[in-house]
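The chains carry the letters A, B, C, D and E, assigned in the order they are written, with residues numbered from 1 in each.
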Amino acid sequence: MSLEKEQKVVDLIKVSFEDAEAEIQRERRVKVKVAPNRVFPLVAYLKGNGFKHFVAISAVDWIRDGEIELVYHLWNYDEKVHVMIKTRVPRDGGSMPTLKPLFNQAETYERDIHEFFGVHFEGNEKLDREFILEDWDGPPPMRKDFDTRLFSAEFYDQEDLESEALRLKIQPYKGHLKK
Amino acid sequence: MMKLLYFIGCFSGGALLAFLLGSFSPLLKKFITFLAVILGAVLFATMGTSTYQLSLLFGNQVIFGIDTLTQFMVWMTLGIAFIVSLVLWSHSELSPTFFALFLLNVLGTVLIFMSRDIVSFFFSWELMSWTAFGMILSDGWEKKRSAAVKYFMWSAAGAYMVLIGFSILFAATSAIRFENIVMSVGRVSHGWLITAIAFLVAGFGVKAAMMPFHVWAPDAYSESPHPFTGFFSGILSKTGVYGIFIAFFYLAARLEAVPMLRVHGTSIFGYIMVWIGAITAFGASLIAVHQEYGKKLLAWSSVSQLGYIIFAFGIADSLGMTGALSHALAHALFKALLFTILAGVIMRTGTDHMASLGGLIKRMPLSFIFAVVGGLALAGIPMTIGFTSKWIIYEAGINGGYIFPTTLIFAASTAAFLYYYRFVYSIFLGPLHEEHQNVKEVPATYWISYILLAIPIFYFGLYPGKLVGIISTILQSYNLPALTTYTATSVTTPLGTFNGMVVGLGFGAALIVGLIVYFIGGRVRKAASQTDKYLAGEVVTNEFELHYSVDFYRFLERKLSWLLKISAQKFYEFIGELIRFVADINRKMFFCGNGQAYLYYMTIVLTILILSIWRIKP
Amino acid sequence: MNAVGLNITWIIFMPILVIIIGLFYLGAARKITARIQNRYGPPIYQNIIDVIKLFSKKNPTNHGVMFSLGPVMAFSGMLISLLFIPIGNKALLSFNGDIIVLLYLLVIAPLGMALGVGEGGNPMGTIGIARALTLMLGYEVVLVISIISVILYTGSASFMEIIKMQSGGVGHWFIWPLFLSALAMDMALQGMLGEKPFDQPVAPHEVASGPMVEFGGKYLGLLQLYHAIGIVVETGIFVNLFLGGGTLFWWFVKSFAVFFVALLINAVMPRFRIGQAFAFFWTYPAAIGLIGLILVAILK
Amino acid sequence: MTKAKPPKGLKGWAQGRSLWMLHFCTGCGAIEMPPTMTSRYDMERFGITPMATPRQADLLLITGYLTVKTLKRVIRSYEQMPEPKYVVGFGSCTVNGGMYWDSYNTIKRLDLYLPIDLYIAGCMPRPEAIIDGFTELIEGIKKGKFDGWIRYKENLEYYKRNQAMVMDIRKWSLDAELAERIWNEVQEERRKRFERATVKHVYELAERIPEGLPK
Amino acid sequence: MVSPILLIAIPLFMAFSVPIWGLISKKLPKLVPFFTFAITTAILVSLLPTLFSGQQGFNLTSVTIAGIKPPYGINLTFGPASAFFALIIQLVALAASLYLFEYEPPEPAEKFYMLFILVVLGATGMVLTGDIFNMFVFLEITSISSYALTAINKTGHSAEAGFKYLLLGSLGSTLFLLGIALLYGSLRTLNMAQLSLYIHQGHLDPKVLMAVVVLFIVGLGVEAELLPLNGWVPDAYEAAPIPVVSILSGVVAKAGLYALARVLYTIIGIETGVLNLLLIFGILTLLSGELSALRQKDIRRLLAYSSIGQMGLIILALGGGNSPMAMVGGLFQAFNHAIAKGLMFLALGIMAAGFNKWDMESLAGVGKAKPYTTFLFTIGLLSTLGLPLFSGFWSKFLIIFGLVHSGQVVYAALALIGSVIEVVYFARLLGYLYGKDPSEELLNSTLESKKGFALLGMTFLAAFVILIGVYPDFITNFILGGTAELVYKSFYISSILGGI
């Protein structure tokens, strides 16, 4: 199995973006690492070269490095090549330019990542509206330093509520009825 | 003689006084108008059935007569005029000119029904037309210009068609009185008679908003001053209907004998009118369904309802004419009611854009109740006058064998439910908008007029025979076929029977049963708030549009787009463009501002004329 | 006077009978649909249980006076329509009004319901009403074409006259000479009954059961009763016009047969979009009806 | 005020034999409903029919986990149902959070927020179990033994307080005044609890991350 | 003894005495036209009763000048038709002269007043004279004064307009003179009655007769605003001062119309087929005028085109002359048009006073700024549209009836199409006048209350419009007489030449 088309994509990127580390991950899969400020031009460049489908943005919390890695997925229907653009922003006060001018749907992914990872996307106007987490004022819950077990135990404090129920003589669940 | 002059003087004097004194005190103009209408009605009541002569033009005796039909139409006119003058008590913002023109308009309308000769008819006709235009004008018409100009142009065109028709008759018979024309109509050749009738029917058809002459009506109705619209749509259109009656039964009857002109057992005019009426009713109601503004909707509905009347006139047998005249009354009543209610809504909220209204039942319950009453009549629900007349029209259509037009009429009637529901839902039902939280109920003048209009609507619905009786008397006095099989509460046609009282009592009983069943069911819980609705568990607040009133029948519109694309409006716009093009060419050619060119023209004319003289003269 | 007295007895008795039979129709409908779908299905009296339950429910939400009056008006409107249709040779009130009167009486009920739904203020309900009215514009034309062809054929718009003309056995039923009209009317009936493929107004998956979205408890109970009577009345029109009426038993049998046909179609059909449904009515059934009408007009 | 009682006799029988169900199918349990409804198990033979709106429904069926976000909608729907009304918790997520026991956003025990009449345990319960649950329910209703809605009405403040601990109840309750009051009352405690739940999110946590994860 | 001669003599004297009055006081010349026309109107009104005394119900008096009897001497005829047109002229002139009180003419003012009187004098002369050459002379007096008045504003624009008018008018007069010359060459007489008699008796070669007809129509058509000869009209109406415009439309055009009617009806006779010519000219003028007005923005030009259209309607009505109804309607319409259009122009002058912008946009909302003037304007407008309660209704009604009665249904229909177009642009104009809010500039312009005298004159005209509109018989006898005088040649001839 030759990797000609993948190589072509890598070459394509290398021509214009010398600082990008592009490599073929496997068949139909190309991985690119760039600096955060180069993501926008790179995506724009790829969009102009047949990568019409903006698939998603995902994020990884590299807690030891103090960085959050953003992965932008693009897909070319003609060549059938998937490009992953990886970039890293600092965990604290990290910020990326929005991709909304290029792909409208990026807005939604950015809101999602903003809510769950706390990455700021400059230029995204809807970023401050609550999206999935309603009435949430804690830390972004998908970061690795968020202790979801603790949160679950403390916030949904069942013991408290149950003791109150016992005081009120409420039997929340009456058990099986005899046949 | 004097009584007629008093009658005319009452209105014209009232108009003059309202115009002169109205600017001093708003109360005065309202009072004068109110008084003039009441006084006029009293005077008319004393006039009875009689004939009056006036010496008008070159000492010619013009005739004003009152017969049963006149009484019917005039009482209808004065009744609605009374309603309007009552409602006007709450409208000080209208200028004195409006009040003056309104009285003149009523006078013109009444005189149309009274006049028995060409001169006075045309005089009254034009008086009625231009005063209506003046009223649109007097109400500040920044946005209304195109509608008003369109109305004025069309009514002028209609009036001129009438004029041509009359003048042909005059030229052929040398008579100006209707009775003399009818007597000597035998001397008129068929060709001229057909031409004259065609012109007359077309001319009257403009006023009766007959397709394809309807394009002015929706705009003009919707842009006229709100309290006046009921009169405009309910009564002024009836002058067209009356004119068609005159043209049709005075003159066209003579054409019955010509076999060539007979289709389907009736005259070809009748056949054409049946079709025109049916298409008008059907097309206009389909358009009404897609209107976004209340007045526009009711205006198109008016066009549609007038189509019913034209349809029924076309059938021209006893059932058809009874149906036409009774629907004339029915339409006047319920359309006046609906327009008056809308005027009240506009007065309180400032808009008739249906998407901006909604939920007013909570603030204006009386208006809602009467909107339902008007709607029942409009949709032709039994127990209201609307059903009485529509039912006769349907029976007439089927009995006359006009199966396809009748089907269209039925479809139009179904479409009436569609637009009526849209009207009443968008304005009165649904969620109440934030800015209308403090809207008040309409003032007393309004709801008194609602009640006054609702009484005959129900009375003639429960006693259909009474209405048919009145109309039969009229028709018999004109030696026209009349429906005779009726009792006070029931009417029988060759096809079937309708007993309004039984339906009414039955429904009353059923309603009681329904209520009993309802109260068996026990207590209910009042909705906690306006947002207490099931919307998939979501709480929808005012920031979202919960009022389903924009593009109400979008799916229907999509399916019918091919039909709605056919537009007389576009055709007329094309004609207008053409005329403007010709006008420009003409102006650039003959008034180019070049003295030389003018001299050329002069020389050319001189040369052509002299040469042609030498050639033509032997 | 004896005849009148009898009449009044029936007038009181008939609605109760029709309500019960109509509820059984609905139960049967569920059972039959279940059997078609290879299910066991609820008992045939299930709808009676439902109505009892609905009336026994407490504190259904009320959105205003018209909201309460709407179902009442729907029920009463259907009740009065019932009296104007001869059922099993019992004329009830139908001497006082003909087919056209009935057609317009039939409108009171939906109108009342529509007004009630309107005050409920739920946009889904209004969408349902808008759909129902659009559908009505569709099938009413077909219905009217069929009815006009019957009236043309018989020269009368009175139910009793029409039934009388069909007396004398199966051969005299108008379904034979007016087959096309009957076919068209049956299609229209499908829409009138709101059975698939014409159940867009109440489509539960699209508009949360449409008009009924805000109605619960006794409101819904009234609407169930309205629906039960409605089925009998609507199929009854067909029975009287084309199947020759008949005695009380046979009348209901015929009426159920008509309903059964609608049910079978309902059980196997998916749903049209509302625009499609409307367009459907104005094409095939209308064309069939018109051909029938023209044939009647020519042959008459 | 007399104490409301569950219906008995004819009413109870009719109520039991005609259960109209609002199924809140956000959880994975929804997949078990189609077989229950269709020809193999056919729950319509018990008179149980799915309904589209809470106004018509007698039974609120919650098929699986509820997040805070969906809980709001469920409460809203529940309050809109006419009485008598029943709630069936379906699947272990509704019992104790199930596999989402440590999720930051999933409520753990439904009966703290809504008066559950019946739990059908299992992950997921098979249609047989569902039918069994329904039969229990029907029999119980006929005998007037399920009174969840009465409990809810009588202890409304308790339920509202519980709800207020996890969500903003002001917008989502029909009784707006009560909701406002309770919301204001629980603010302090809610804030404390939130702090307690999030205060220890520090780097020591990072130590728990196993070595050898790719960088 | 008052004599119709005074109608000419007094203005003549007053016209040339204007500079003398000017010597006494600078303000005095301003009053001269009004007093002149007040006197002449009084004389005319006092003469009117004599018209309706004969057996036929009306009377025609012939006044000889210097005592020589008609065929040989010069005479003035004072019959219903002459008197009717004289009345029109005097009424309009009176109202316009009242307007002059408030109008500052361009210097030298004396000349303006002189010319003003002379125009009316010439027109009155044309109407009253019984001698065709005299008619030419008076036509020249009228037209030359009008040229001067048109150009009196001394701007390039008005000079151009005046020049165009001069060009067409003088050529027209020449053609008219040529026609007279032809007649005189053949028949050796200039007296109209005599000419009529000779032509009636067939002394004239038909070809020569038709040539004369053509020359007369084309010659007089310039003043009567017939289609290809009316190129001067919009320019002149736009450039001339407002009182002059009202005179041009109300007086000069009517005099030309009278001349045309008199020549064609009385001298030539309608049996010769000239009517078809009139019909064609009339309908073309009507349609062309109305169409041109359709998209006009400048109100003066709009009214000018409308004026052309109205003149076309009158000519059309005269073309339907084998039905007396159309003829009556035509004369009636001449009256109505003169009064209504005069009223409209004068009102327009006040509407734009101290402001001097004449397009619709600038005058939008004037109904709120100057309500009374606009009201008067509206009365004129509604009358022009032929709406009931205003005098124009009856004339339009009669014209259409008459046209159809004389068998010209197509022309009637075309005329009505023209009327519909008229409705469109006038309705639009009304919309501008009343519908909008007035601009600052308009509100700050001269108040209408400062123009009391002008308003008085206009009110006077408006009263006529409404009076006749409500009670047409006020004037119909007059018109019937006028029609009879124009149509029944034998009556005219016998009245002037003595019983033949």
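One rule holds in what follows: a contact is a pair of C-beta atoms (placed from the backbone, for glycine too) under 8 Å apart; a residue touches a chain by one contact, two chains touch by 3 or more.
Note that this is a predicted model, so its numbers are computed, not measured.
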item: Path length in steps (a step moves to a chain that is touched) from subunit A to subunit B; value: 2
item: Partner chains shared by subunit A and subunit D (touch criterion as defined above); value: none
item: By mean Cα position, the chain sitting nearest the middle; value: B
item: Contact-richer chain pair (by C-beta pairs counted) among B-C and B-D; value: B-C
item: Farthest-lying chain, centroid of Cα atoms versus that of subunit E; value: D
item: Geometric centre distance via CA averages, subunit C-subunit A, whole Å; value: 56
item: Chain centre separation (subunit B, subunit C; CA means) in Å; value: 36
item: Subunit B and subunit D: spacing of chain centres that average the CA atoms, whole Å; value: 60
item: Rounded Å distance, subunit C centre to subunit D centre (Cα mean); value: 40
item: For subunit B, residues that touch 2 or more chains besides their own; value: 525, 532, 534, 536
item: In contact (per the touch rule at the top): chain pairs; value: A-D, B-C, B-D, B-E, C-D
item: Residues of subunit C defined as touching subunit B within the complex; value: 15, 55, 58-66, 68, 71-73, 75-77, 79-80, 83-84, 93, 95-101, 104-105, 107-108, 111, 114-115, 118-124, 126-127, 129-131, 133-134, 136-137, 140-141, 144-145, 148-149, 151-152, 155-158, 208, 213-214, 217-218, 221-222, 225, 273-275, 278-279, 293, 297
item: List of subunit B residues in touch with subunit C within their complex; value: 359, 361-362, 365, 368, 372, 376, 379-382, 387, 390-391, 394-395, 398, 401, 403, 406-407, 410-411, 414-415, 417-418, 421-422, 424-425, 428-431, 490, 493-499, 502-503, 506-507, 510-511, 513-515, 517-518, 520-527, 530, 532-536, 546-548, 552-553, 555-556, 558-559
item: Partner subunit C, residues of subunit D touching it in the complex; value: 7, 10-11, 13-15, 17-18, 20, 38-39, 42, 44-47, 50-58, 80-84
item: Of subunit C, residues touching subunit D in the complex; value: 30, 34, 37-43, 46, 49-50, 52-53, 56-61, 204-205, 208-209, 212-217, 220
item: Footprint of subunit B on subunit D - complex, ascending; value: 53-55, 72-74, 76-77, 80, 82, 171-172, 174-176
